[in-house]
Amino acid sequence: MTHAIGSRRWAIADGYIPSSSASDDPALVSHESACVLNTGDTPAKVEITLFFSREPAGPFRFTVAARRTVHLRFNDLDDPEPVPRDTPYASLIEADTPVVVQQTRLDSRQPSHALLSTIAYCQD
Amino acid sequence: MTHAIGSRRWAIADGYIPSSSASDDPALVSHESACVLNTGDTPAKVEITLFFSREPAGPFRFTVAARRTVHLRFNDLDDPEPVPRDTPYASLIEADTPVVVQQTRLDSRQPSHALLSTIAYCQD
Amino acid sequence: MTHAIGSRRWAIADGYIPSSSASDDPALVSHESACVLNTGDTPAKVEITLFFSREPAGPFRFTVAARRTVHLRFNDLDDPEPVPRDTPYASLIEADTPVVVQQTRLDSRQPSHALLSTIAYCQD
Amino acid sequence: MTHAIGSRRWAIADGYIPSSSASDDPALVSHESACVLNTGDTPAKVEITLFFSREPAGPFRFTVAARRTVHLRFNDLDDPEPVPRDTPYASLIEADTPVVVQQTRLDSRQPSHALLSTIAYCQD
């Protein structure tokens, strides 16, 4: 690997976690993920800030080890606070080394769930 | 925050609001959103122009406060005119300060709704 | 409008039109679209080339008038040849003036249809 | 064609192949694809590296002939090893000539399948 692929600043404008799920299978509960890939040879320290129609929340901190991926569920964030359900939000993801970020939502409010995904927006 | 992330000009080429919905739950009515994130320290004044197979419509104006996100439903636009249903359109989103724009559609014409989403196209 | 937004060369790598549909409502038949937005003041002459596991097909030609959008269904292409169903393909979209391209697929092989969408890849 | 469109390095951060499918129709089995378009006049030699929460796997090698597209199912990879199901992963796709990469997932764990797709992230 010549150099890590990616960017240090990413944004996701459409965040939303439905509060209900037709299934209680953990894999099929309504959830939203920020999938972070670190192809580099050093760990990536990541901070997420959440934006709402009120004051932002965070930073939420985690680390993606060298040459690893973390698929972080926003549902699981709780420090410094949980992510409210049924509430529009957005997120800014900042890392100290280049990473790639993709957002995915699984919405299982109906029996056959729906999916959406997009590579996030980046700008160093 | 060192500087706001984003761009001042965004485009969404595939706009379409189905006129029917299998549910009358407001959260599950067929709709399309432009989710706008303003990470900056000043309000973003936003103008949307809609394109069709006929003359464009707009501008539709709204503001995203500093360090806030607005998930705007195209369904709710009515000034200067409403967005026609079952009609292909596209949109140009222009702001006076950098923002990030993501489009999402919830299509509930069938009982289990479908979702699509993409970060919009930007070019300053 | 100071200048048209977009690029003259776009690519969509995942093309696929399912041959079956659970509905015969034209709006819900399985289809794939290239949505093209021309925000400029001159018409955009567009050429699409299709790629397969065999020789390419095309060019397919159409025009997007100034300040208009065309949501082109690949299903409807027939000159110089139709797009085969159930067959992986990809497309290159070239215009003589900047446009924005977004791909959307509606897959209604099952009773509740699925959607996918992404802004295409561009490079002038 | 003046020059091939695309980039030599691409990344997909959200990889996931569900192990179950409501249908055993090969077209509707849960799967994930990397769709690679080579618009150029020379073959593209492609290498994929997979990232997990453990050591990476690969490289997986294949070729996309000149002016062809390959829609590669991650499900079918088996050399040097298969892709585990129900396991978050990410991928780095490197080619020796410019290509365009788009990811698509068909998730048929429920009777009406869901789709997601995005142009991958690129950086030369």
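Letters A, B, C and D name the chains as they come in the text, with residue numbers starting at 1 for each one.
The rule is simple: contacts are C-beta pairs under 8 Å (C-beta built on N, C-alpha and C of every residue); 3 or more make two chains touch, one makes a residue touch a chain.
Every value quoted in this text rests on a predicted model; they were computed, and no experiment measured them.
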| item | value |
| --- | --- |
| Interface residue identity across copies subunit C, subunit D - same or different by half | different |
| Chain located farthest away, centre of subunit B as origin (C-alpha) | D |
| Chain centre separation (subunit A, subunit C; CA means) in Å | 30 |
| Centre-of-Cα separation between subunit D and subunit A, whole angstrom | 21 |
| Where subunit A touches two or more other chains, by residue | 103, 110-119 |
| Of subunit C, residues touching subunit B in the complex | 5-6, 27-28, 33, 35-39, 67-71, 100-104, 106, 111-119, 122 |
| In the complex, subunit B residues that touch subunit C | 9, 11-16, 18, 49, 51-56, 86, 88-90, 92, 103, 105, 107, 109-121, 123 |
